[in-house]
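One chain, chain A, links the two complexes that follow: it is found with chain B in the first and with chain C in the second.
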Partner chain A sequence: MLEHYQQKDRFLQRVNPSLKLGAVLVIIIMMVPVFDPWTPLLLFGVTVALITGLGGVHLRFLGLLLLPFLLFAFSFVWIQVVFPDERGGTILFTIGSLPVSLENVSTGVSLGMRALVFGSWSLLFVLTTEPSRFMLSLIQQCKLPPRFGYGMMAAFRFLPLFRDELRQIRTAHRIRGLGEKRGLRQLKRYFIPLMAGAIRKAERTAVAMESKGFDGSRNRTFYHRIHWNRHDAYFTGLFLLLLTTIWFVSTPWSA
Partner chain B sequence: MRQSRTMNLREIVVMAFISAVFGVLYLVWIFLGQLVTGILGPVGGGLMAGFWIMAPIVCALIIQKPGAALFAELIAAGTEIMVGSVNAGSVLILGFTQGIGAELVFAMFRYRHFKLPVLMLAGMAGTTASFLTEFAIYGYSQFAAGVVWFMLGTMLLSGLLLAGWGSHYLTWALEKTGVLHNFAIGRNSRAEKQERGAS
Partner chain C sequence: MMNAAAMQSLTITYPAEEHPALQPLDLEINKGENILLLGPSGSGKSTLALALQGLIPRAVEAEMTGELTVHDAAPKHWKITEACRHVGILFQDPETQFCMETVEDEIIFGMENIGLPVGDIKDRLEHVLKITGLKEQRFSRLTTLSGGLKQKTATACLLALDPGMFILDEPTANLDPKSKEDFIQLWINTAARQNKTLLFIEHNMETGLEHIDRVIALRKEGGVLLDGPPHTVFREQAHILEQEGIHVPEVCRTARRMEQEGNITWSPFPLSLHEWETQCMQHGFQKREEPFSGLFPHAPAEPPLIEAENMTFSYGSKRILDNVSFILHAGEFTALCGSNGAGKSTLARLLTGLEDPEGGTLFRNGKDTRHLKTRDILKQTGMVFQNPEHQFICDTVEDELTFGWRAAGLASSSFHKELEKLLDLFQLQEKRHSNPFSLSQGQKRRLSVAVMLTGNQKLLILDEPTFGQDESGTKALMGMLKKWQQKEGGTILMITHDMSLVDQYADKVLLLDNQCTAFEGSTDALFKQTDLLEKASVKVPVSRELRTWVTSLERQETPC
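Up next, the complex of A and B:
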């Protein structure tokens, strides 16, 4: 399902992965001093529009992915109401003997929405970026040492194999009559053989990489080159426009 | 034989594989964490925090070289992003600060001591780093001071137990299988056994 969106030929998919990741980090830092509910609400709306409009992601799918976030976001609201730093003066209603004030609810909603904004921007990156393009861009544009980049890529490609291996270990346990109990001790029974297998595979992979002439030097050639293109310029322009809007809308930045 | 202090390709790839597996486990854990946080609040989430510091401690204990902890956590974060984390941005920032937190402790001991207390300290440093980061990016300054201190307490405890003791337990169990013979942890434990045998 993820690949389906990552490989679509839409605007966001063509933007350089490093640039998109940079934008996500800027948004997170930008939101740090914001405590009013309107800025994150606006930003969240814009982000959802961007993902569906420019990334071709279906709204329903996006909603499904953000669903667990709602619970997480809600925790900020109730914690803020029950244990605020300062209790606000405008009491809306009381639950038992607990006064619920407008100020605390609004701060809680702001913090909860902030978590949702982070989630939506992360999805903007994840849903529109192919893992291999991301890694190549990190190596080519962010000067990540190729040893680490390709090492990570190799490990990532092995992940589906680990899933099969886990199934194998479980079957092997069942054949030997160890049963299907779940618990901390049982966790170790899966973890150790899985990790031991992973380490053996990693050593073999490293030998294979070296024997094929991979020396980790920076002046290497690439089969795929990630170039800067005009989509990056449009994206930067759009992003700056968004930042300026936040700048004027939210109080801590404009004041 | 004196080993070089920079990591070679074999160590990097092994580190990448271990951290990638942890990256996937982290994703499952995030889902669990959000559920627990949603019900118990950030305090309950604090108890789960130590798990996210396991990759750097396991890798540092195995490889025992500068940078192992930081890069392990960055690789785990990178894997989470590639697999498709709904929290990619914060994961990257947190991975960086958590890695630095654990790395600092190992650097303080000049990458020579990897006994349980050092690992526990590294685990606590890692969760402290994640606490400070979350404090900033999720706006914990708006909560009552008591709750925030309590949260730091649970995170420290989690770093001590899950990250410190848990990593120690799992890594030494892994060492017994023999797959780590070619790494610093295996070499050192063999050297120790020889010394004990000679005396």
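Up next, the complex of A and C:
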């Protein structure tokens, strides 16, 4: 499913991965001093619109992915209401004997929305960026040494392998009569065969890569070039517009 | 003829190892030769491959003494980007030789490494995709490919770099019989035709032998055991190979026996089934179908151990098993076959009770398994996994074997006899105090089977138990299993691709194809269903094909 969106031929997919990554970082930094609930709410709305409109991701699929972030966000509101540093004066209503104040709810929503904004921007990046293009862009635009770039790619390939292996180990142990209960001891038992396998796999892959002439240096051809294109210009324009809007919207509130 | 490689008392020792992995070796390899390199496990074949490329000592630390030259240079002095243009290695495990996501990117990776201009990369890419037949898979993700296609991709990567010498280190060990044949055919059609040096390392090579110029067998204690053209080695010296525990191709072994018994004089000695058949026909021998044994030998009165009725199972939305029905009687040795992804492993999981069928019913001793506890099913069912390490949970072999008994709270006096019996049966006495992870491949495998027999198991399921085992390891393991089946009345279900194993040991075959049971019945009956075999990419083992001729040869039935 993830690959399906990453490979779509839509606007966000065509933007340079390094630029997108930069944008995510700028947004995160921008949101640090914002404490009102409306700016992140607005930004969140815009982001969802961007991902669905310019990234071609189905709203339902996006919603599903955002669900854990939503729960996380709600926990902020809850914590602010139940354990406030300082209870606000404007009481909205009470739950049992617990007074709920507007100020506390507002801080909670603002913190929660911020988590949602971070989540949605991370998803904007992940859902519209192919890992191999991202790696190439890091090497070509950000001057990341190929040693790390291709190493990351190889490690990335291992993730599903590990998942399969862990599943097999778990089954094997259950058949031996272990694994009804989960605990630290259980984890230790998984750890040894998993590590033994991981080290062997990593060694083999490293040898295989070197046998194909990979020496980690920049001295190589790039068959796929990640170029800057007009989509990057549009994206930058759009992004600056978004930043300006945030600036104006949030100033009267944050002061 | 020019030298492609030369070794003079080449010895390689890994750090912290007492004995060298490669004992002193003197050998010369000529340019353009197609060589089959044989040797028992531990004779240093893979180590030699790494050294020929210079990966030892460049990437893999090891001490090297003696002389080694490849293409008139010492491989260890090559730069990484130089080495890959001299020697290309295809490794055994398809999972761990890729680092990119798609077929195209992986093929390009090597060419980018050596700095080929973009135009050349484009041309070579098109070329290797064409000759390996991977055009359709060009943009496919590597994770979605079958083992056979993965090894073809790895081949394409090597061909793109165009080295002077290719080393194939047991590349077909994980492949099903059809993919294995396709793969070997690909090498014969492409690489072997150019003037390239080709070094095939294989335990068990049955096809393509007629294209081999020279067979070299290494001795376990070091040095060259035999060296010569396949006709000579497999005709005159086969007994020496067998003494060393090296597999002799079925055709050659049988041909040799026929000749020794005075039934036929070969000229030339056959290296493939095709050559065998042509010559037999020239001598006027006829193929004789073996008499069909008819119905399945025994039909016990008691309820079968396992009976599956229209079982279905899915992972998420993906249907894995669809209307699978079969019966396993107590005391039977059944082989579970089918191409990769046919649902064999899933079926095994259902039989262990870890998973319940979605639809249909699974009966165990006549009872619906849904009413049984997983725990109780597991007490009677053992499962041996592809990777034996996954099963190990203790620090010594002995603890590993006694784990079940100790967990059940038994005193050591009560299981002492049983333990000794298992240690003897699986030849693990010497290793009883060693850590399971420190054992050899064969020992690990035997231990993983032994631990599954410490309870009161009635059914033992094995997932490709002979994977990664050499000829003698396989023989020993199968012997032990057969013993357990016959002496203790155990029931065995073995997942395997190896049809000669099926032919030799299984009483019955269960064949899955397209998520369904395509066949259930005796081994003899299966190999008669040519259409079905073709469809399920199963090959009749050479040994069986040969048998149809052997009777005729032995009786000297030539039409007068």
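Worth pointing out:
The rule is short, and it goes like this: the second predicted complex is superposed on the first by the 235 of 255 C-alpha atoms of A that agree within 3 Å, B and C clash if a C-alpha of one lies under 4 Å from a C-alpha of the other, contacts with A are read in each partner's own complex, and residues count from 1 in each chain.
In this text, a residue touches a chain if its C-beta (ideal position, glycine included) is under 8 Å from a C-beta of that chain, and two chains touch if they have at least 3 such contacts.
Since the model is a prediction, treat every value here as computed from it, not as a measurement.
After alignment on the shared chain A, the placement of chain B and chain C results in a side-by-side fit free of clashes. Legend: residue contacts after superposition of the two complexes on their common chain; A:94 is shown touching neither chain B nor chain C. Applying the stated contact rule after C-alpha superposition, one finds that A:80 touches chain B and leaves chain C untouched. Contacts of A:174 after superposition: chain C is touched, whereas chain B is not reached.
When the two structures are aligned on the shared chain, A:131 is found in touch with chain B and with chain C.
Once the two complexes are laid over each other on the shared chain, residue contacts for A:244 go to neither chain B nor chain C.
Touch counts on chain A: comparing chain C and chain B, the chain ahead is B. With both structures placed on the common chain, the touch criterion links A:107 to chain B but leaves chain C unconnected. In the superposed model, A:189 lies in contact with chain C only, and not with chain B.
Of the two partner chains placed around the shared chain by superposition, chain C is the only one that A:160 touches, whereas chain B remains out of contact.
Judged by the touch definition given at the top, the superposed model places A:205 against both chain B and chain C.
The three-chain arrangement built by superposing both structures on chain A places chain B and chain C 70° apart around the Cα centre of chain A, to the nearest 10. For the three-chain overlay built from the shared chain A, the minimum Cα spacing from chain B to chain C equals 6 Å. Put simply, chain A uses residues 131, 154, 192, 196, 201, 205-207, 209-210, 214 to touch chain B in one complex and chain C in the other. Those residues of chain B that touch chain A in the complex are listed here as 9-10, 12-21, 24, 31, 34-35, 37-39, 41-42, 71, 75, 78-79, 81-93, 136-139, 141-147, 170, 173-174, 177, 179-180, 182. Contact residues of chain A toward chain C in the complex are 3, 130-132, 150, 153-154, 157, 160-161, 165, 168-169, 171-178, 189, 192-193, 196-197, 201, 204-215, 219-224.
Within the complex formed with chain A, the residues of chain C that make contact are 50, 53, 55, 58-60, 79-81, 83-85, 88-89, 91, 93, 95-102, 105, 108-118, 121-122, 141-143, 157, 161, 349, 352, 354, 375, 378, 381-383, 385, 387, 389-393, 403-404, 407, 437, 451-452.
By the touch rule above, chain A contacts chain B in their complex via residues 2, 21, 24-25, 27-28, 31-32, 35, 65-66, 68-69, 71-72, 74-76, 78-80, 83-85, 107, 110-111, 114-115, 118-119, 121-123, 125-127, 131, 134-135, 147-148, 151-152, 154-156, 158-159, 162, 188, 191-192, 194-196, 198-203, 205-207, 209-210, 214, 216.
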